[in-house]
Structures are given as C-alpha cells and as structure tokens.
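After the structure tokens below, expect a handful of questions from me.
By written order: A, B, C and D. Residues from 1 in each chain.
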Amino acid sequence: MADMTTATPGAPAGAAAARVITYREAVAEGIAREMRRDPTVVCLGEDIGAAGGVFKTTVGLLKEFGPERVWDTPISEQAIVGAAMGAAMTGMRPVAEIMFSDFLACCWDYLANEIPKVRYMTGGQVTVPLVVRTANGGGLGFGAQHSQATENWAFTVPGLKIAAPATPADVIGMMAAAIRSDDPVVFYEHKGLFAAKGPPAPPGHVVELGRAAVLREGADVTLVALASMVPVALAAAERLAAEDIDAEVIDLRCLVPLDTTTVLASLARTSRLVTVEENPYQGGWGATLVSVVADEGFGLLDAPLRRVAGECVPLPFADALEERVIPTVDKVVAKVRDLATY
Amino acid sequence: MADMTTATPGAPAGAAAARVITYREAVAEGIAREMRRDPTVVCLGEDIGAAGGVFKTTVGLLKEFGPERVWDTPISEQAIVGAAMGAAMTGMRPVAEIMFSDFLACCWDYLANEIPKVRYMTGGQVTVPLVVRTANGGGLGFGAQHSQATENWAFTVPGLKIAAPATPADVIGMMAAAIRSDDPVVFYEHKGLFAAKGPPAPPGHVVELGRAAVLREGADVTLVALASMVPVALAAAERLAAEDIDAEVIDLRCLVPLDTTTVLASLARTSRLVTVEENPYQGGWGATLVSVVADEGFGLLDAPLRRVAGECVPLPFADALEERVIPTVDKVVAKVRDLATY
Amino acid sequence: MKADELLAAYEQMALVRRTERAAHDLFMSGLVKGTTHLAAGHEAIAVGASAALRPDDYVFATYRGHHHALARGATPEECLAELMSRATGLCGAKGGSMHLTKAASGMLGSYAIVGAHLPMAAGAAWSARLRGTDQIAVAFFGDGATNIGAFHEALNLAAVWKLPVLFVCENNLYMEYTPIADVTAVPRPAADRAAAYGVEGQVVDGNDVVLVREAVARLADRARAGYGPGLLEAETYRHFGHSRADPATYRPAEEVERWLKHDPLDLARGRLRALGVPAEAVDEADARVAEAVAAAVEAARNAPAPDPREALTDVWADGGAAWRT
Amino acid sequence: MKADELLAAYEQMALVRRTERAAHDLFMSGLVKGTTHLAAGHEAIAVGASAALRPDDYVFATYRGHHHALARGATPEECLAELMSRATGLCGAKGGSMHLTKAASGMLGSYAIVGAHLPMAAGAAWSARLRGTDQIAVAFFGDGATNIGAFHEALNLAAVWKLPVLFVCENNLYMEYTPIADVTAVPRPAADRAAAYGVEGQVVDGNDVVLVREAVARLADRARAGYGPGLLEAETYRHFGHSRADPATYRPAEEVERWLKHDPLDLARGRLRALGVPAEAVDEADARVAEAVAAAVEAARNAPAPDPREALTDVWADGGAAWRT
C-alpha cells in the first residue's frame, strides 16, 4: 500500500519545491497552533507526553506547553474521554487521544451515549467543545484489532462531528476548526497517511468542517472518497484518464456535516457516482451518501450507484490478505470502467 | 405509540380465537425451549433471575432451570459479555442479556473487536456460539440513553449476526435459530413490542436467520421494515390501500444475513422501494439496503429510492417530541404517497 | 450544624420528600410518562452534601437524581414540569426524570448509564484545577455502580492526578432488584475499594444529614486543599421501589421496617428537638413545603407541552440539528 | 522443581528467548510486517505457570504472547511462520504476532485490546465449572492493564462467582513508554488491588521460574478446589523495547542493567548448578534450542504465502464470509 504513505493529494501545482510537512507532523503542528492561541486547550492520552505519542503525532507538545497542558494517562479509555467530557463542560477545550480508533470501543459509551447527547437532553444547557483524536484505518498489517476504519461507528450516532483529513494542510486546517468548534468532534487521523507529505498550511489556516473538496474535475463519473481512499481515488482517476474516462474526485473530508451539496452538484455534471470506502460495505458511510443520492439525485442518474468498499470481514494480518479486503486502485478502476459502459 | 404495543403483525387470519402469546412471554419461552433441549445453554445478566428481568422477559427461567443455569450478574456489562464469550469458546452456549441496547456501548469492545473477530483472526480455530439479547428501541419516553435503536452499531461490524423479530412467533423461532447458531448473534428485542400479542409458535419452531418475510403482497411499492417499524409499515399499507396504492410489506427480520434476494425480487414486481427505519437516517441499515438496490436493482427502478428514518437527533423524552423523531404511520404514508406520483 | 442551618436542611429534605411523593402520585395517575427513580429515603445525602459544598462546585448525579437537582436549587416546579413533559421543565422536556440538570447552579446533569458520570466528575475537577479555581466536583452514584469499569478508571485517574473530586456512593443495598451483596466481592462496595486507589474509605450514616454534611465537608476541604479525591459510602435505603411502579417485594419486610424507622426526616426532627427548636418551627417548615409542592404540581400541570419543533433543536451549539448540507 | 523438571523449564525458556531474538531480527530485516511485542525477559512467567497447569487448562494472553504460545506447545515454526505472513502460521497469517493462538492445546488466544481477555478467562473458568470439569483458566496481562475497567469487572465477577481463574500480572514496570508508577494510584498495580475483590494479593519474582511455578501451583490448587480466583503479580522486565523497533530509551540505564543482571535464564542456570546439573547438560539444551529455532526460521521462510482467497474465509462457523443473500 505504498500509495497510501507517499501520495500528496491536493498538493497545489508547483508546490513541490516549497517546504513540505508530513501528515504526522501536521497533527502536532495543528494542535500546537491552537494551544498557542487558546490557553483552555489541553491534551490528554496514553504516552502522548514525553514519548510524543506512539505515532509521534504529539512530538514537541510537552516541551512547549508543559505538563499542566499535556497529560499522560493510564490505560483507561473511559476515564480519558469521560474526563475530557467533564472538562469540556466546565470551560476547557480538551483534545483527547485514543491511540487506535479500534479502542474507541473501550469508551464507546462516551461517544455514543454521553458526549453527543448531553447538550440535547439538557435542553441545551451545556456544550461539549472537545476533540477526540484517533489513529484510524488499515493497510499496515496491524491485524484485526488495530486496523479498522471506525468512522462509521461514530456515523451511526447523531451529535458527533466527524473529521477525517487526507492531507497535511487539511489536518492543520481541520484541527483548528475542530478545536474551535463548540461541538464535539471525532478526528480520525489515518495511520496509512502519517508519512505522507504535502505543502504546509499558511498561518491561521482553518478548514471549515463539512466542506468537501473537489480535488480533480471530471465529466464522466464522480468518485467520492475519504482519508486514505483519497489518494487511491486520485490514482484510479489517473489510470482511468488513460482509458478516456474522465473522473471527478471529491474528498469528503467530513462525514458530519456531510457535504451532500457538493456531491449532488458534481453528480449533476457527471451523472454517475462511485464511493470509495475503506470500511466494510455493510454499514459504511457510502451507503448513506448513496441513499441521499438515490433519492434526491435520482433524476440525474445515468447508471447504477456503486460502492467500492472493504469486504465484510475483519482485517487480516498478512499483506496479501489485507489487500484483498481493502479497496485498491485496481479495484476502483475495474468498478468504474465497468460502470462507464453501463 | 399505541400501535407499537398492541399490533399483531403477521397473525394468520382466523388466529384471533386461538391462544395468543405476548412478545415478552415469547422471549422467555424461546429461551426455555432451547434450555430444555440443550444443557449447554445458560443465561446471565442483571436482574434476570429471581426478578425475571426488568422487562419480565426471563420470567420462570430461574425456577425451571435453577441458579446453575440462570445467573444474576453485577452491573458489569464487559464482564457479562466477556464471560459469555469465554464460555462460548469452551463448550457452552451462553445467552447474555444486556438490559437496554444503549448499554451495549459499555461493552462495545466485545461486540466490535472481540466476539466477531476471534474466529477469523485465529484462522478458524475457535467458534463463539453465543447470543447477546437486548431490549431495543424507543417510543416509550425513556429518553436519550434508554431508547435507541442500536442495531446499526452492530451492522458496522462484520462477524455478528443480527436478529430483530417483530412477532412473538418469530421471537421463538429466531431465538431457537440464534441459540443453535455456531456464530454470535445479537438479538434485538423491541421494547415497544413487548406487549404485542400473536399466535404462539408450534413446537420445534425454528426461523432460519437471514430470511425476510413478505407480510403483505402488493404491486405498487415495496416497504421494507424491521422490528417495531413492521406494524407501522403494515398500518401504513392499510391506509395506502384506501388511496389505491398497493404496498408490499417486507419484514427483514435480520440485518445479517441480509436478505437482499427477497427485497430485489419484490422490487422486480413493484419498481419502487421505501425503507422504514426507526434509527437515525445517518448510518441506518436502510442506507446499505438502498445501496445494494441502487446498484444491483437500478434497472428495476421507476422512482427514487426513499428512506423513512428517524431524525438525526438523540431521542427526546416527551411523547410530543419523540413522535416527531421516530417514523410514524403518517410519515410513511406521506412519503409513499409522494413517491407513487413520481 | 447550628439549629437554623439544620432547620433549613430539614426543610430542604422535606421538600425533596414531598416532591418525590408528588412525582410518584403523578406517575401512578399517568401524568408522568416513561420512568422515574425516586430518591425518597436518600434526602440526607443530597441535602447534607449540598450544605457542605459551595454554589460554584459541580455536582453529577444519576437517573435517581431528583434530590440532587432540588438540593442544588432547582425548584419543584421545574423538576415536576420536566417529569410531566412540559416546555417549562428543567430540560424543556427533552431529558425527563432521568436527566434532570441545572447547569446554572453547577448541577451538571443526571446520567442514566450506570457509572458513566464518575470520569466526567473527575474531568470537571481537573478543569477546576487547570483554570486555577478551587472548585470541587462531586459524583453521586449507587452501590451497583461500584462494579462497573468506569468506577475503577475514574478513581484511579482522580487519585493519580490528585483531583479535587469526591465520589459519594449512595448505598441503598440494592441494584434494581438484586441485593448488592449478591454480586459484590466485598461487604462495603465503595469503601472496601478505596485502598485500591490509595484513598481513604469512609462509611457514613447516609440518613443523618448532620453526619453527611460533616463527612463531605471534611473531604471537600481536603480536596480543595489539594490532597486529592475522597470516597464516601453513605448508607441509606429507598422508600419506593427501584423505578416506576416497582413494589419492591424483593426486600424482606423486617429490613424495610428497620430502615423506615431510621428515616432521614425523623432523624433530623429528633436532632432539632435536641437542639431546642420548637415543634412549631418544624411544623411551619412542613407547611411551607406542602404548599410549595402543591403549587408546583399545579403550575406544572398548567404548563404547556413542548412545541414538537423543539425536537429538532439543541443538538449542536448553534442550536440546530443539521447533519448535512 | 526437580532437576529434570527445571532443566526442561530452562530449555523451554531458552527456546522462547531464541525465538524472540529470531523474531526481532526478522522484523528488523523486513521479513515480519506490522508489529511485534517481544517477551524476552518474561520467559519464566509463561514457562513457570505452564509447568503448574494441566494440558486441558485454558490460557489467555496479550499481544505480548509469544512466550505463552510456545509454553503451551506451539512450535517456533508455527509462531514465526505466523509473524512472517505464511500460510503455515498458527492462524494462517490472519492473526499475526499479536494474536497467536493454539486452541488445540488450550492456548485460547492473544488479545490486543488491553484487559479485554480478563472477562473471557473468567468465562472460560465459569464454563469449566458448569461443565463439571476441574479445569482452570489463566489470564496473563501487563501492569498497564490493571487500570482499565475490564480488569475491575473481571476480578469482581470471578470473586463473586468463586471461579477457578487465575489473573497473572506481568509487571514489567512500563506501559508502552510510560512508567506504570506515573499513572497508577498504588505501588503494586495488581497486588494492591486484590483486597478490593476479597482475594489475596501476592507478588512473586517473575524472573525465577521456580518461584513462579510454586506460586501458580498453589493458586491453581486453590482454584481447582473451589476456593475461587487468584491474583498474582509477577515482577519482570522486558529485554527489548515495547514493540517493533522501540529502543526503549525512556528506561534509565541503571534500571536496565540491574534487570539484565536478574535474567530468568541466568537465574535458572544458577539453580541448575546448585542442583548439581552438569554444565554440559545446559549447553546441550542451548544447542538443541539453537538448532530448533534455526530450523524453524528456515522452514518459515520457505513456507508459502497465504492464498488471497483465504481473506474471505473463517468469518462464520460454516467457513465463509457471506453477510447477505
């Protein structure tokens, strides 16, 4: 899955010579920018302090901001996220790290039942301005319990904003938006993209949550992707171009708010749509997007709606098996080619 | 929501005079039948023993089978489901109760990361023949943390079978199938249906998991519903009949295996499809079903695919508010009527 | 407690008792939907603790939380209106009995997933420390909650970070219908776990408002002074069943009788007598309470139902519920 | 332990050590993908415990579980083949280093979510009791796992139900990179929690295979006889970093040195000497081990990769992966 770790989707033309930043560095930089701006921003999580995080996404924070703003925790996911919630309700803007997104299952009550509901069930008396950051996704041979794309777990629960950037600049801009948001945000950082490089974000860069990015314009088919599937979709579009199929590529960037406006506008141009999802087909976000399109965009359609999604199995360990499960450029190309002839 | 607690979908004509059984009683009866058959079936959960369960769905089990087969537990959802898993891996067939399906969030790691994956990640060395039963759904004024339809949480995770019966006879037949299944089954019992009555199940009644039921035939539109939405869809079909719209009603009964064959066959007759889902629109099972149909059944479609689903908000307490959130007969009728004129 | 303080505490407890009685009657007559978990019998814990706290401290309660809402300044009318699905309820009828919240007076909510609010309280205490205030946070929870994972994680984190948070267990001997002793490895579900977190475990008569106030005051002082969390197990008993119409027949008659004789209001009355407070003063308090609750019931009854459109507000901080563009 | 038993234990420990060394080298040379968590240094716990268990007992381990798989009879070849993504691996290359499992010999899996397997072990013990066998179950876990909720729930349930299960903490002083003492409220993360579940807390030198065997044997006997769970904290240290290429620079040099001097293999060698076992016997064991592991590496290297179609098997008991009709 080399394409996942080296691609630089969305890099403006000519930026190659400019300074580049990795996605991994962008995480720490995005958090640091907000910590500099706002003294109520604090971080907590396992091994995030002196160790700089197991993915090295919090390197430098302890040094710059000290132990009163960067807190190492026990292995207590419920306490981490529950404490973040209590702090967010009382004037702070905590940024909690859950090391692997699979471990969200260990504090799922907070994500499913507490954080997204407390504002509503108190009739708006409290807000919960927190960010739960987590390393998401597969392709690295980490096996069934450390590889899942779990954004769909969160997507089943109204009341959570869901961010999943695909580029370093978006990491910084969306981190700013997430931390400044008065609503809770689950921030999915993709493990397969940590090493990816891209142009740095200008000072003050903020990417509003809920705005998809059209990364490549095209006339024949719309590909909608998220996070690590964005470089896959872009690579597929390149290959399809050689076959005279002109694909538009949309990076959703967020699941909530879901930018159906951008997707439907694209569909109006292309009349064909394929989602590219890392997650299993069953229960994936692409299904919800497709259901919006199959209803509100039905009249625009010239062909079936298709989803390239993960197989409905746990993630296997071996590369050869994992590649069979997660969408690849080949699989996207094959599905789109087939659709183009419909 | 009186229709939820009194309707008897699927009751064969003329059965009114026969003995009836409530959905609530059917749960205990379904479990008892399997416990009589198979000594490895044991139950555990909070207040399930002497108290007979907070929904009275385990009444009589302690008395008939004794404390070595019916175990009251502490409030320890992780221990309940984790212990059930360990027992299932070593020769037992545990039936674990999680009192409200919202509380699955407290043991989500077991449902998301352990139970559905252990067979796969050990290369098939172990099986996990267990049932996690839980009271699901809203409409009863239990508020945000006791009312959710959480079957979609499970639906995001490959490796779980998902059952959600709508009638007492199905409760018994599907309970038999679930307990006999060598695969883990999450068994959603709908709180709004506990008081519903229906004909009892004949001895030895087994309803294979993954078989939808066509409850009403119709030529104009297919309504696909689950659990408490089944009586809503049936009632809507009655009302629509009066307007000369002939709706076919399918009770999915399971989400995994998902009986897309029955749905696509119905669509071939009706050319129009509407899902009726209690859960929030975002991430609902209907989306996945629609995405299958929008792909494989595209050529059959005469109109947009529509979903009548819950609003994307937590469940509010007051009736007046809850009715605004969960699909009602009125909402289904309005949506279908609109579609029929497309 | 001085006589006037105790009289005030008594009146507050009586207000809780009356309000719970009213809630029960309203539930039985169909005017309260869903469920209720009444705290009659637990009054001294909420009132005694509140007397030891500052107005800017934070309180987190459970689905059995009416007494905490009232003790922190919610009015019977606000509470009953919420239970009766009125727009004037504490949470605009979005929360219901299990989620009474009055954030303006530091009552940060009632949580209905057992144990979930313990980490939140630790977090509020952490926040107080980060902001350099000397507020403390208190989580009230039941004996049953001591067996859930969140209890363990919260206690450990609070102890390691020396957070100004108190964990107050309302041990009423039962989960829903199951005796706590049947499912707990130690006799004192909370206090016997204290050492596992390096904190002191203390048991108090949770029906004696004076003892509760003292115990909480001592732990609050320690926490405020930076000595870390406190864990208090307050023994009490519920007068009603677990919820709704539960007749609580699973409780032995002698046990019920013994505890009803050890009633928080009676105990306070005895103490007032001993302090020389005239019986009329107590009667007057009772009369004020009776009137207040009757008026509250009336007002709540007459309050409007929520506008159904309110169902689609309050998800996000902008007041709305839009999940897509 | 008698001399021959100890020599056998020594050889098993040496086998673990060599296999871990091989795993490390294979990882460094790119032949092992993903991650590994090596147990070099922890050998005496797995081997000592195994010596005290019956073949039909159940073992549940963590992502740091190679030693337990080997101690329960998995071959170095099966283990290394799994790590190297070969079809002949223990789990057909579907599991990887973190999920070594050999169900046929009661090694019921390695679990990579911290603490998750403690309730499972309790459940396996419950099952043994329900089926009327006198098997026991053992969960091995790290010091870091003592702060997660599942630990608490498992211990309480096991104690209340008096289950024949042992909880064995491998306290190596660190979570991943953070010292356990920085995030734990008590000095002994496991043993100091025992009283919270009414069980005896015991600490043992986890690097001394004889002491480990004794301690586990005693607790196993008690558990088998119906006296309920045991909790054992075995002190140890890892020779490698936490995982992958972690150089473990966060550990003070003197601490590392002190522990390397207290090596399980050295300790066992010393004991063998004291028992009069000739040095040649030990050398022969070492030689057998070296040969076995070298052969295992070779065999694993030459084994075939899994057929990609295997990705779509083994979800369901029917062997398939169909989620829809």
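FYI, a contact is a pair of C-beta atoms (placed from the backbone, for glycine too) under 8 Å apart; a residue touches a chain by one contact, two chains touch by 3 or more.
These figures come from a predicted structure and were not determined experimentally.
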item: Result of counting contacting C-beta pairs for A-C and A-D, higher pair; value: A-C
item: Chain located farthest away, centre of subunit B as origin (C-alpha); value: D
item: CA centroid of subunit C to CA centroid of subunit D, Å; value: 45
item: Approximate Å spacing (C-alpha centroids) for the pair subunit A, subunit B; value: 31
item: Rounded Å distance, subunit A centre to subunit D centre (Cα mean); value: 35
item: Rounded Å distance between subunit A and subunit C, as computed from the means of their C-alpha atoms; value: 40
item: Numbers and ranges of subunit A residues touching at least 2 other chains; value: 73-74, 76-78, 102-103, 105-106, 109, 113, 116, 120-121, 143-145, 158-159, 256, 258, 281-282, 311-314, 316-317
item: Sites on subunit D at which at least two other chains make contact; value: 91, 93-95, 99, 111, 113, 147-150, 153, 156, 160, 182-184, 315, 321, 323-324
item: Residues of subunit B defined as touching subunit A within the complex; value: 102-103, 105-106, 108-109, 111-113, 116-117, 120-121, 143-145, 150, 152-153, 155-159, 256, 258, 279-288, 290-291, 293-296, 298-299, 301, 303-307, 311-314, 316-317
item: Residue ranges of subunit D in contact with subunit A within the complex; value: 33-35, 82, 85, 91, 93-96, 98-99, 111-115, 144-145, 147-149, 175-178, 182-184, 250, 305-306, 308-312, 315, 321, 323-324
item: Touching residues (chain side subunit C, partner subunit A) in the complex; value: 58, 60, 89-95, 99, 101-104, 108-109, 111, 113, 116-128, 130-131, 137, 149-150, 153-154, 156-157, 160-161, 313-317, 319, 321-325
item: Subunit A residues touching subunit D - in the complex, by the definition given at the top; value: 46-47, 49-51, 54, 72-78, 102-103, 105-106, 140-146, 281-282, 311-314, 316-325
item: Subunit D partner contacts - residues on subunit B that touch it in the complex; value: 40, 42, 68-69, 71, 73-74, 76-79, 81-92, 94, 109-110, 113-114, 116, 118-127, 129, 158-159, 181-183, 210, 256-262, 292
